[in-house]
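Next come two complexes built around chain A: one with chain B, the other with chain C.
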Partner chain A sequence: MTPHQIIFFIIIPMAGGICTILAHRQRKLQRFLGIGFLLANIVTAAAGLCAVAPTGSILVSQMGNWPAPFGISLVLDTLSALMLMMSSIVCLAVFLYCVFQFDDDQQGGFFHPLFHLLILGVQWSFLTGDFFNLFVAFEIMLMASYAMFCVGTTTLQMKHAYKYVLLNLVGSILFVTCAGLLYGQLGTLNMADITRIAMSGQLPDSSVPVIAMLVLVFGGKTAIFPLWFWLPDTYHTLPGAIGGLFAGLLTKVGAYVMIRVFVMIFGSAESITSIVSPLLLGSAAVTMFLGVLGAVSMHSVRRILSIHIISQVGYMLMGIGLAIAAGIAFDSRVMAVAGAIFFIMHNMVVKCCLFLCGGLMHEHAGSDNLQAIGGLLKRAPWLAVLFMIAAMSLAGLPPLSGFFGKWVLLVAGLQSEHYVIVIIAVITSLFTLLSMLKIWSYGFWSPPQGDHVEHPTVRPRTFGGMAGITLLVVMALSMGFGAQHYYQLCETAAKSVVDPTAYVQAVLGEQHTPIKQLSLVETSLEP
Partner chain B sequence: MRTLILQTAVRAIVPLSLVFAMFIYFKGHQLPGGGFVAGLVAAVALIVHRMSYGTQSLRRMLPCSERTMVAIGLTLALSTGIGALFVGLPFLTSTHGYIHLPTTTGTSYEFEWASVMIFDLGVFLVVTGVVVGMIDCLAKEVH
Partner chain C sequence: MNLLISIMVGVLFGASVFLMLGRELKGVCMGVFLLGHGANLAILGASGSPIGKLAPVLEHGVDLARYTDPLPQALILTAIVIGFAVQAFLLTLLVITWRRTQTLDLNKLALETEH
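Right after this comes the complex of A and B.
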């Protein structure tokens, strides 16, 4: 893959969106096109990963050939490549579920174009090297998600969609305000250029509050304590597959951006890390613990899974917070970030898989209220097996993927002597197991209680759903049994994030002139 | 809104607005203007036409549905970007040149063309399609 070809990550989903708009109302064609484009996406992601991961190299393409701090740079480093790889697999699995399980009504309107445009926004966020451009990518992603929230259009869904839209709009306003203020203070929004300024210690004190405000912005999107309140209230209204897509991608994009911004860009600025790190660690502890308590107290599969998203975000935050904690050795920092990256990848796959399982449970039992359903082990034995693998992986039982993610984070926490958060993380893990066993024992194991729910008499068609779930479970198993290989990739990614010298050089070029020495007249473009 | 006054006025307003939209579009490469604003102006013209003559008349006027218009616009924008990849340059790299256009006074007018203008035409179509489509949907809800 040559550097300019990284734009294919944006071209493919956009072309997918266009083609499915043109194929309006032709379901079969849309389905065929969708699977084709998503497969192309996975191939591109694999090519990208092969190009950057072995050597830790960085591919940069300057849009419109404008030089770096002025134009928009797209950057593919190992971290981006890993995220793209995972997200493209998650997208395919969800798509398989959607096109084969959803009825025509749910797939109607602009469902297919929106699906591709959502992927466009997600992949763009992973790829961009420019702060304002990140905002644009977020907006594309959110616009698509606003509309997708209404797939199926139940009254409950519309009511909660309203909250979701409102809160995200507030977040977007804050984001663009921060971007404007940063531009005013630093004269640049190119991530590599800001990193350079932060590394040279020239960051003005006035930008500290702005960056602290960014914690609010990304924290809101990622649903951390105390900005999480919108998530458990909205996600559970969604059909299983859409919930899975949002759970697998949207909050994880927030976590990815936090790694980029707080670890890579501002990780070397003491004035910022000294504020952000305790903030993130404290929030991580409360987020993971309260999240899991909420999950244990719920009685509906989708609600349990929705609140679980929050709890899991806590682990990612823990990695990020540790990576920028004061007085921590380089190796431990790399370990903490690698753990966070591994955990994000694992969580994308497993969380999405559980949501899809929840959707199929609903189809089999006619409800997803755990007090009403039961006995699914007999009705859907394969679903039970796949659910069990995913659930145990989420709870972190060895040798499944969740174990290794948590293990690395815990070791990084012990090495840096943050014992409190390590203890909380371990306790949270136990409660996670408890809440997963709750779904297992009520939903699958025990005989159906109360007969107030009509079980569907016809066996639902679950081919597409099972295909999607199987794909994700295979991924989760490969992350568990091949953890060493995945961890090595994460470590390569983490190294380039913790020490961004190579990133800055790749984007800005070897002999770039610092922006402050250029006067406006010299840099103004030809009329 | 089907009044004689509006219908008569619209016969002048619509072509004038469309010409003005074209003017903004061509001017937009170097000066304020461009595909986005031109698209809005054109959409306003089409909506005014719809107000006085109805949806059926608007449908007859447009060569394709708004949905197709948006798709064509996006295709144009995307393909201008891809074009640069074939010559080994980054996505969206544009090129430009000059055309000498004859004028009535005998001197020639130097017009600067840029490949970005095709991109801008795409933006124009997307904006027009989206605005006309949205207003059409909302108006349907009201009636």
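Right after this comes the complex of A and C.
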């Protein structure tokens, strides 16, 4: 892959969106196009990963060939490539589920274009090397998600959509304010350029409150304590597959951006890490523990899973917080970030998989209230097996993927002597197991109960759903049994994030002119 | 100039927070719109005072420091366009909610039965 081919990550979903808009009357064509574009997406992601991961090199494409701090840079480093790989697989699995399980009503109303545009926003946020561009990418992603929230709306879904839309809007507006203020103080919005300023210790004190406000912005999007209240109240109203897509992508984009911003860009600025790190670590502990308590107390599959997202976000935050904690050795920092990246990847796959399982449970039993369903082990044995693998993986039983993610984070925590959060993480893990066993024993194991729910007599068609779930479970298993290889990739990614010298050089080039000394002669208008 | 913009940003943010704390959905949405305008103004303020500066149309032989910075204006323009789309979406949602439930009062909406 040459640097300029990075743009394919944006062109492919954009073309997907446009083509499916044009074909919005031909349902069949839309589905074929969708699968085609998503496969192309996976191929591109694989090519990108192969190009950067083995050596940890960084591909940079300057849009319109404008030199770095002025134009928009798209940057593909190992971290972005890993995220793109995982997200494209998750998208394909969800798409398979949607195409085969949703009826025409649910797939109508421009569902397909929205799906592709959501992917566009997600991939763009993984690639961009510019703060304001990140805001634009976020907005594309969020606009698509707002509209998807209202596809086939029930009144209930709409009522809850307000919380999601308004909260995210306020977050976006704060984000754009922060971006503007940062530009006013630093004179640049290019991430590499800001990193350079932070590394050289020239960050003015006045930008500390602005960056602290960024914790609020990304924290709201990632759903950390105390900003998580919108999430458990909205995600459960969505159909299983769309819930899976949101759970697999949206909060993870927030976590990714947090790694980029707080570890890579501002990780070297003492004045910022000394404030942000305790904030994140404290929030991580409360987030993971309260989230899992909420999950244990719920009685519907989708509710358990959606409140569980929050608990898992806590682990990612723990990694980020440890990585910028004061007085921690370089190796432990790399380990903490690598753990967080591994955990994000694992969580994208597994969480989405569980949501899809929840959707199929609903199809089989006619409800997803655990007090009303049961006996699914007999009705859908394969679903039960796949659910069990995904659930145990989420709970973190060895040798499945969740175990290794948590293991690395715990070791990083012990090395840096943050014992409290390590203990909380272990306890949370036990409760996670409990909540998963709750779904298992009520939904699959126990005999059917409650006569107030009509069990469908016809066996539902579940081919597409099972295909999507199987794809994700295979991914999860490969992450568990091939954890060493995945972890090496994560370590490469983490190294370039913790020590961003290479990133800065790749984006800004060797000889970099600070903006203020630039004279008119040097900005010749012919690129 | 900067002082004036700062005060205006403060007023806009304050008013929008006040609106958003209300129990009427229309008010809440208006609050979000106002917040967007406040943010745009804040970016404009961050770009420094434009008094005594030239419009950013480059000519040879003129010191760059004499031009206003065009970038914040470009940022604001983008933010306005995005904000416009979001406002349209939010207003549509309001209309649909009204048609479905005949109320925009959050207390009454919260009582809507879950079905």
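Criterion: the second predicted complex is superposed on the first by the 517 of 527 C-alpha atoms of A that agree within 3 Å, B and C clash if a C-alpha of one lies under 4 Å from a C-alpha of the other, contacts with A are read in each partner's own complex, and residues count from 1 in each chain.
FYI, a residue touches a chain if its C-beta (ideal position, glycine included) is under 8 Å from a C-beta of that chain, and two chains touch if they have at least 3 such contacts.
Predicted model, so just to flag it, every value in this text is computed and none were measured.
A.B. asks: Sharing chain A, do chain B and chain C clash or fit in the superposition?
C.D. replies: With chain A aligned, chain B clears chain C, so fit.
A.B. asks: Quick one: is A:Gln62 in contact with chain B, with chain C, with both, or with neither? Answer first, second, both or neither.
C.D. replies: After superposing on A, A:Gln62 lies in contact with chain B but is clear of chain C.
A.B. asks: Please indicate which partner A:Leu434 is in contact with in the superposed arrangement: first for chain B, second for chain C, both, or neither.
C.D. replies: In the superposed model, A:Leu434 contacts neither chain B nor chain C.
A.B. asks: Is A:Cys50 touching anything from chain B or chain C once the two structures are fitted on A? First, second, both or neither.
C.D. replies: neither
A.B. asks: Let me test your reading of the model: by the given contact rule, A:Ile7 touches which partner, first (chain B), second (chain C), both or neither?
C.D. replies: In the superposition, A:Ile7 touches chain B alone.
A.B. asks: When both complexes are superposed, which of chain B and chain C contacts more residues belonging to chain A?
C.D. replies: Touching more of chain A: C.
A.B. asks: Identify the partner contact of A:Gly17: answer first if only chain B is touched, second if only chain C is, both if each is, neither if none is.
C.D. replies: First partner only, chain B.
A.B. asks: Rounded to the nearest angstrom, what is the minimum C-alpha distance from chain B to chain C in the superposition?
C.D. replies: After superposing on chain A, chain B and chain C come no closer than 8 Å at C-alpha.
A.B. asks: In their shared complex, at which residues does chain B touch chain A?
C.D. replies: Result: residues 30, 67-68, 70-71, 74-75, 78, 81-82, 84-85, 88-94 of chain B touch chain A.
A.B. asks: Applying the document's contact rule, which stretches of chain A touch chain C when the two form their complex?
C.D. replies: Residues of chain A touching chain C: 132, 135-136, 139, 143, 146-147, 150, 153-156, 158-159, 161-162, 165-166, 169-170, 173-174, 176-177, 179-181, 183-185, 189, 518-520.
A.B. asks: Along chain A, where are the residues that touch chain B in the complex?
C.D. replies: By the definition above, chain A touches chain B via 4-5, 7, 10-11, 14-15, 17-18, 21-22, 24, 61-65, 74, 527.
A.B. asks: State the interface residues of chain C toward chain A in the complex, per the touch definition above.
C.D. replies: Chain C residues touching chain A: 20, 25, 28-29, 32, 35-36, 38-39, 42-43, 45-48, 58, 60, 62, 64, 71-72, 75, 78-79, 82, 85-86, 89-90, 93, 96-97, 100-101, 109-110, 112, 114-115.
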